[in-house]
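There are structures below to look over.
One chain, chain A, links the two complexes that follow: it is found with chain B in the first and with chain C in the second.
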Partner chain A sequence: MRPTQAIEAGFIDPVDDANAVFRQVLDALAHPGRIVEIARPTRVPRGSLGRAAIGVAMALADFETPVWLDEAAAPAASHLRFHCNCPIVSKPDQATFLLAAEPASVPALATLPLGSDTYPDQGATLVIEVQALDPDGSLSLEGPGIDGRARLGVAGLPAGFWEARRALAALFPRGIDLLLTRGDLLVAVPRTSTVRGS
Partner chain B sequence: MSRQISDLSGKIDQRRFWMATLAKAAPADLEQAWSDLGLQPAFTRLRPAETGLVMVRGRISGSGQPFNLGEMTMTRAAVRIENGPTGFGHVAGRNARHAELAALFDALLQDPERHAALMAGVIRPLATRAADEKTRKASEVAATKVDFFTLVRGED
Partner chain C sequence: MTQTLAGYNFAYLDEQTKRMIRRAILKAVAIPGYQVPFGSREMPLPYGWGTGGIQVTASIIGRADVLKVIDQGADDTTNAISIRRFFARTAGVATTERTVEATIIQTRHRIPETPLRAGQIMVYQVPIPEPLRWLEPRETETRTMHALSEYGAMHVRFYEDIAHHGRITTTYDYPVIVNDRYLMRPSPIPKFDNQKLDMSPALQLFGAGREKRIYAVPPFTKVKSLDFHDHPFSVESWDAACSLCGSTTSYLDEVLTDDQGGRMFVCSDTDYCRSRTS
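Moving on to the complex of A and B:
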């Protein structure tokens, strides 16, 4: 297979579409647990990443942000390299963005870049394509951006994922930001949110 | 071409040659060559033509320290022929159609069935024309050449 064949057309209007996706991701991060629909990128390369995950990468990744892809998402590598100019790294601890099409392949959260107390922004952003997102599930979110408490259901994450995330809370402001996607849908769980349940 | 170029560097040189020829050709010539071909291949614009700046770097005498000469405007495009290869076009200036045509020709030239005909029918004539134009300009400039003679002043 020619490596360039996995490249698909990107945003129709690169500037407006990237801006729109950026704005949607910003909204999602400002309202943890709220499911937003991201429908801007027109084509998605083969692999199991949906439009929301690819859109996030295309809007946010550039030559300064190394991207890690799990095995299931690997076919998207040349697409992302072409459109974002981003380096694709094989070691998760070197990445700024981690895209996982298969939730079980997500590396142990504590091994990912968490930033430092001086530069917490250097913590990684983890994008996981999950099996289902439900606005009324068993998880309960609290924290900045949430009026009281928000409910969220996520299907497909490996057992122990939320415990591992809770273990990082003590390191705040260090940590990782989570973007969970399912097709065109995206929900953000930034490090400021406290998640109860599993 | 009787010699079979099988090694990668030969292929890269070859492609470099046709991409350079396409990039330096006059847009009107390319447009003419395109309509003469009469091809209407279905294609996807992977990267619609976009204009930006690139830094041109140089080395004094070709071997000195590299330095930034300045930025130049360029336009690039990438297309994929339906079920075929991907072509890239990088041209100086802001002519979007020129970049797209260069990318389309680049894609078609990678198709083994069309390669020979396109090389003979499009690329060689364009290269010959560019070489002729260069010779003409060089001879025009050569007529105004001034030789400076410096007298030895006998400093020792």
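Moving on to the complex of A and C:
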């Protein structure tokens, strides 16, 4: 008899796959606005999160990092709990990683863990599955990791999202680090990036 | 020697430790110059032999990487050889002495003369990560000073240097401001190398094993050496050229050749020097 909620396989090679995903995320974070491709794991659980978003959680989450999932991402909970051993929390302000499959369901950014002035590294990492990523869009990014200026297009974020993020800039070094995903694609917008446009 | 050791995970560290260090590295990159605490592990080398750098390298290295390790610019010193061999044995990765071939360069106290390129990762071994430590011994206080960007004490120290000696006497581990925000120790590189930190196309990671801190300078990030308008930052210069390759632009070591006062100046960066002579 099949269990009602079969769990998909995780990384085929836990060592090399986790390393490959991490290096892509590191590359993305070191070059904000650069779109990288994450091709592992080979299978993703039910729900609306793509391979890049699931890969990030599988490579980086464990028992030390509470994970929050929005409603559309919730079907991945048993998968992540099984493979990562991570606590799944219902309150976004308790999470280290927040994964949202539906951009409109992202809680107000200012209510998320931003870290403190003495420990800004405790600011959360927010992963949002968006509708499209475009290397030549209407957003303009400046800051560490960017040689001059980078362009980026993101479709599917709710109106006012970038304004809300801009409002956090005054709180630096407190802040949120953003990973935007679309299927296998991922782009990072760390708290140091100045984003213009919408 | 290329035989990998059985019974160890790839690159020695267990996967949970790597994950914890990877998370610290990602936050370090997101907050340039800020020291992220991490759970430093015991390594099969004593503290002071680069355990911070080794843990960072072990957490980022993949099978396709090519590793270079230098100690004071040289590839053939004890520390460099043993770390290179450590990763050849525990990860089976390719190693090199050529700066241009390396994807990861772990370093003790130098930045190669050959300009770094995009995609390369520098890993610095850091003995003391806290730039304010000799001015304020309490971690709780230095942490608050960083939170408030309160770096006046360091300026006062430099001012006292100038009042006493007529110049800023710090010659290595010369403090820098990263991205106009955090005061950072660049590890004990000569101040000659500080200019290479600024707007480098490579990613630069710093690991302090004993002090359990990781910090980073992302590519294309402003790194400014601390100074005063009337006492601008300046680097070492030599009257001599390298005795082996004739370079007048590289960092030179003074080598005593006998007990009659004989001496020669040679490049500290052995790969750079060799590439110019061969």
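Keep this in mind: the second predicted complex is superposed on the first by the 193 of 198 C-alpha atoms of A that agree within 3 Å, B and C clash if a C-alpha of one lies under 4 Å from a C-alpha of the other, contacts with A are read in each partner's own complex, and residues count from 1 in each chain.
In this text, contacts are C-beta pairs under 8 Å (C-beta built on N, C-alpha and C of every residue); 3 or more make two chains touch, one makes a residue touch a chain.
All values reported here derive from a predicted model rather than from experimental measurement.
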Chain C versus chain B on the shared chain A, clash or fit after superposition: fit
Degrees between the directions from chain A toward chain B and toward chain C, using C-alpha centres, nearest 10: 90
Touched partner set for A:132, first chain B, second chain C, both or neither: neither
Of chain C and chain B, partner touching more chain A residues: C
Touching partner for A:14 - first (chain B), second (chain C), both, neither: both
Touched partner set for A:110, first chain B, second chain C, both or neither: neither
Partner chain(s) touched by A:26 [first = chain B, second = chain C, both, neither]: second
Touched partner set for A:82, first chain B, second chain C, both or neither: first
Chain B and chain C, minimum CA distance [Å, superposed model]: 10
Touching both chain C and chain B, counted on chain A across the two superposed complexes: 14
Touching residues (chain side chain C, partner chain A) in the complex: 9-10, 15-16, 18-20, 22-32, 34, 36-37, 59-63, 143-144, 146-148, 179, 181-182, 201, 203, 217-222
Touch list for chain B against partner chain A, complex: 44-48, 50, 78, 80, 85-86
Chain C-touching residues of chain A, taken from the complex the two chains share: 14-16, 18-20, 22-23, 25-26, 29-31, 59-60, 62, 64-65, 116-118, 120-121, 123, 125, 143-147, 172-173, 177, 190-192
Chain B partner contacts - residues on chain A that touch it in the complex: 2, 4-5, 7-10, 14, 82-83
